[in-house]
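Just dropping this structure here.
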Amino acid sequence: MGADMRFRGVISPVVVPDTPDHKLDIPSYERSIDRMVDAGVDGLFVLGSSGEVVFSTDGRRDQIIAESRRIIDGRVPLLVGIIDTETERVLEHGRRALELGADALVATAPFYALGGPAECEEHFRILRDELDAPLFAYDIPVCTHTKLSWQLLAKLGREGVLAGVKDSSGDEASFRMLVMANAADGGNMSILTGQELVVDGAYLYGADGSVPGLANVEPYGYVRMWQAAQVGDWATARAEQERLNRISRIFNVTSGVVGYAGGVGAFKTALWLMGIFNSNTMPRPVKALEGDNVDAIEAVLKDNGLL
Amino acid sequence: MGADMRFRGVISPVVVPDTPDHKLDIPSYERSIDRMVDAGVDGLFVLGSSGEVVFSTDGRRDQIIAESRRIIDGRVPLLVGIIDTETERVLEHGRRALELGADALVATAPFYALGGPAECEEHFRILRDELDAPLFAYDIPVCTHTKLSWQLLAKLGREGVLAGVKDSSGDEASFRMLVMANAADGGNMSILTGQELVVDGAYLYGADGSVPGLANVEPYGYVRMWQAAQVGDWATARAEQERLNRISRIFNVTSGVVGYAGGVGAFKTALWLMGIFNSNTMPRPVKALEGDNVDAIEAVLKDNGLL
Amino acid sequence: MGADMRFRGVISPVVVPDTPDHKLDIPSYERSIDRMVDAGVDGLFVLGSSGEVVFSTDGRRDQIIAESRRIIDGRVPLLVGIIDTETERVLEHGRRALELGADALVATAPFYALGGPAECEEHFRILRDELDAPLFAYDIPVCTHTKLSWQLLAKLGREGVLAGVKDSSGDEASFRMLVMANAADGGNMSILTGQELVVDGAYLYGADGSVPGLANVEPYGYVRMWQAAQVGDWATARAEQERLNRISRIFNVTSGVVGYAGGVGAFKTALWLMGIFNSNTMPRPVKALEGDNVDAIEAVLKDNGLL
Amino acid sequence: MGADMRFRGVISPVVVPDTPDHKLDIPSYERSIDRMVDAGVDGLFVLGSSGEVVFSTDGRRDQIIAESRRIIDGRVPLLVGIIDTETERVLEHGRRALELGADALVATAPFYALGGPAECEEHFRILRDELDAPLFAYDIPVCTHTKLSWQLLAKLGREGVLAGVKDSSGDEASFRMLVMANAADGGNMSILTGQELVVDGAYLYGADGSVPGLANVEPYGYVRMWQAAQVGDWATARAEQERLNRISRIFNVTSGVVGYAGGVGAFKTALWLMGIFNSNTMPRPVKALEGDNVDAIEAVLKDNGLL
């Protein structure tokens, strides 16, 4: 028993480059994916929250999966987000993703309609029954407005419903209790943290890996931190995390923007300034960062040796 | 100038009957729609929050629009919810709804990804530019987690972006300010309240109509209240509202269920007990009410002469 | 049986004038109270949320009650807020308020420590048992972060614990259900709305009165609206409410301020511009409005004939 | 420069024992404080959220400070919570606490009245100006409903307003950024985590100490974890934290209670079962745990060798 070893380490959630007319920018996409794989990440997670999943039509989702599969070409596992409001819609995304070659599927709690723990549990059970692939629960209450309790997640792991959890709840105590419960149950699940600024702590606790958006900008640091953690070199892990956190200032130096525009907008702008993306275009209705906000991000990148 | 007269009065948001195997139950659907139209409602709104929109696959959405159009057969206007997470996806639903015969489109604020007023404004402007139909903003922060300010809505009405608003925010003060601002601007928009328990007050203030889920169970009272309000008979309007509110106890008498299961679940159970629906089946992953909860709803219906 | 007739109609929540060095400005206070009483309000509520209760030391609370009693001199009833975090502290305020001559006491749900309905119910029962005066529950979840359910409030009214409710929840549907439940129980309680922008609707529903902060600025309109409602003249009630709502734009025209600074700050600035207060000083740590914000409020007052 | 060394390590937030008639139970209080001091804690924090501060009258607050001072008798520093709604009230508590011998003062953001960052900043500046003692900011948004940003806290540390921060926000990323910012500024502040289930991680990041409520039940483990962290023995730190987290199951095994009743209620019940407290009485209006809930806590204590 134990978690599937394919889904451990640094699993980068892939940020998507757009052309100015809102098409998938394939040369930029190839550049960014190749850079992360070459840096040594252990997997790629496409169509996550920062991967424009909820901005993408079904056609665009298909294109992203297909292109990702082509570019990755089996070098690392491909996890695919099948995020949508409720069960039947998620099932449809899941079936398409499997046809297109996903290695694992990642689903959130249902959202928009109000529900509770009973609906969450039933949702994941139905997904597991009807989709033949490792299933990750993606706990992201800032988007879904539902927190998946560690007790429920541990139970679903114990019973074989879930292959793992991506925890972007920001609730570190709950995450810790989940890691402990999973270990006590034999470690069936791969427990990954999405809290990208305190990954060293999560590794110290026993997390199986991380899903840091910032790895799009700086994959090398996350890879070195994981390697350091594997040999118990916590001083190095901490130093790497601190360097990454200084780069994370790209989230704090903008003004007049909120939410996705400032978060994923900062990633895209950094990647554009670094020459990896051809543009920092955002999906409609979000506007790209511009002017002083671009300058402020440029200054952070220079301060940290990325430009 | 002034609001489109087609979209005034009682616009019922249509609750959808399911067969036990989760197909659209067409005979029940015909019975329910015909009953509401015969009762005198002024329009029907399908694929709203209580119309299972976020539970329905695209295929199911198409079926609901097409069947609704067939059954209504032009007797009243058909408003269609094109609810989805972000702009491109909503546009796709909008195009399909227009092909299938919608008379007006109803869209919420974007949701799941975090945004602010700038994203909301841009979203509605894009929808209006690319979809050739009257557009209603549907303000339902309990589902979208974004409140559309009355100032933004009034501005979008003044500029011809919005044909109307369905306000399910529960923020009566904001609703009132919107009604006043719209009137001061010439009454371009049709301002409809979704706050089904205080509709008489909204009519007194000058609301153009209501979108009460409870009209699925008791359309006659809502029609009589609207007629009373048209002639300024506020005592009758209040008496009708109070009778409807006693029926609304179907929301308060259940236990062990939350959100959609208890709200739309109560509607479906009442309609089933009343012989209008063949089943009270809920969309997955939600379970139908059963046992004591069904008995409790039956008692409310009997107390109010509906059984 | 039935609600105590002393506590019906327009009960003004009294805004407190401060000298520039943060003392109670007694001449301004006399001017404001006399103006409201002369305008015909039916009662005064001191030490409410807009009456600086949580900014006031115990000594200042005592002074406010004593001065209020002296100035009012029995012309209208004096309701006193005994707002504090938990039961024992509230009891101490209640005993002092009764010694100083309060006619009724007004208490919120407990706050700061997390609790639930059981703690709320026990809290009001203890207050009623140990304080010999009519007790009002003040439902203001925006401050206490707890919503008192209409079912609990109705039960406490039925059992004689509560003499009334001041509902500042903004939840109009819940308010309506409470009014109906209280009426069905014999009308023991006086149910007052704090939702100052839709008071006409509340009167239509059967509310026993209102507690509008805006009555500090414009008491005459609220008095006329109550009088119109008493004789069923809903057109006049609506017209008065709409005029008051245009004055309420003082809340919307400021920028760069949030919460108390913009809300009570607007009241104080208006009263200062109108010559009723000598200053618009706010309690520490809140800053008074200044510059463009003062000008913007002045423009609203001029537009509405108050300057 | 650098943080005051008196305020580093394990600072226990002291849970208060009550007699069945709601008086301070002094023999129990002596037993518990002596046990924690003997175990080697580095300081005690009285009148915190779990120390019944908001349930205590001013007289009771004075008694707790005086008795704490007498019992501690200089063995460790005494930090005193001066928690109240707004500035003037907090200042009064601060003056009393200093008269009674507090070594440092701990204040939250203002609460109840709505405010923003400007009010928070002014609040702490006034407190520092008028109270001559080291001042800690206590960030506990679950109670105050305001998050103190790490940028504001770092600024107030840099300027000498704050001597430290007790972070009970549960926002580990923000905590980490604060620790880094404080270090970059010379380490003026003592940054303490109140997130008691992931203290080992916080120590790895460079936190100056912790304020774990669970140290009332099991101080030895927290002391050993701090000692291990001081010498970089992270495996031991993790093992101690995991053992403590198994004891924390006392929060998860109760049913039918919420908030304070279940949290501090579990502490008091454990201490009572362990013979340290004479009773598990809670402050009004909260009820003590009883029946199955007591048995469930007893089972957790037995499983972990505490009974």
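We call the chains A, B, C and D, going by the order they appear; numbering starts again at 1 in every chain.
As a convention for this text, a contact is a pair of C-beta atoms (placed from the backbone, for glycine too) under 8 Å apart; a residue touches a chain by one contact, two chains touch by 3 or more.
Bear in mind that the values here come from a model prediction, so they are computed numbers and not experimental data.
Chemist: Let me check something: if the centre of a chain is the mean of its CA atoms, which chain is farthest from chain A?
Modeler: Most distant chain from chain A: C.
Chemist: Distance-wise, how many Å sit between the C-alpha centres of chain B and chain C, to the nearest whole number?
Modeler: For chain B versus chain C, the centre distance works out to 34 Å.
Chemist: If you average the CA atoms of chain B and of chain D, how many Å lie between those two points?
Modeler: The answer is 49 Å.
Chemist: Taking touching chains as linked, do they make an open path (line), a single closed cycle (ring), a hub with spokes (star), an all-linked set (complete), or other?
Modeler: Per interface graph, the chains form a ring.
Chemist: Sort out which chains touch which and give me every pair.
Modeler: Going through each pair of chains, those in contact are A-B, A-D, B-C, C-D.
Chemist: Quick one: in the complex, what on chain C touches chain D?
Modeler: Of all residues in chain C, those touching chain D are 22, 49, 54-58, 60, 83-89, 92, 110-116, 118-120, 122-123, 126, 142-145, 258-261, 263, 283-287.
Chemist: Of all residues in chain C, which touch chain B in the complex?
Modeler: Listed in rising order, the residues of chain C that touch chain B are 151, 170-173, 176-177, 180, 195-198, 200-202, 204-206, 232, 234-235, 238, 241-242, 245-246, 248, 252.
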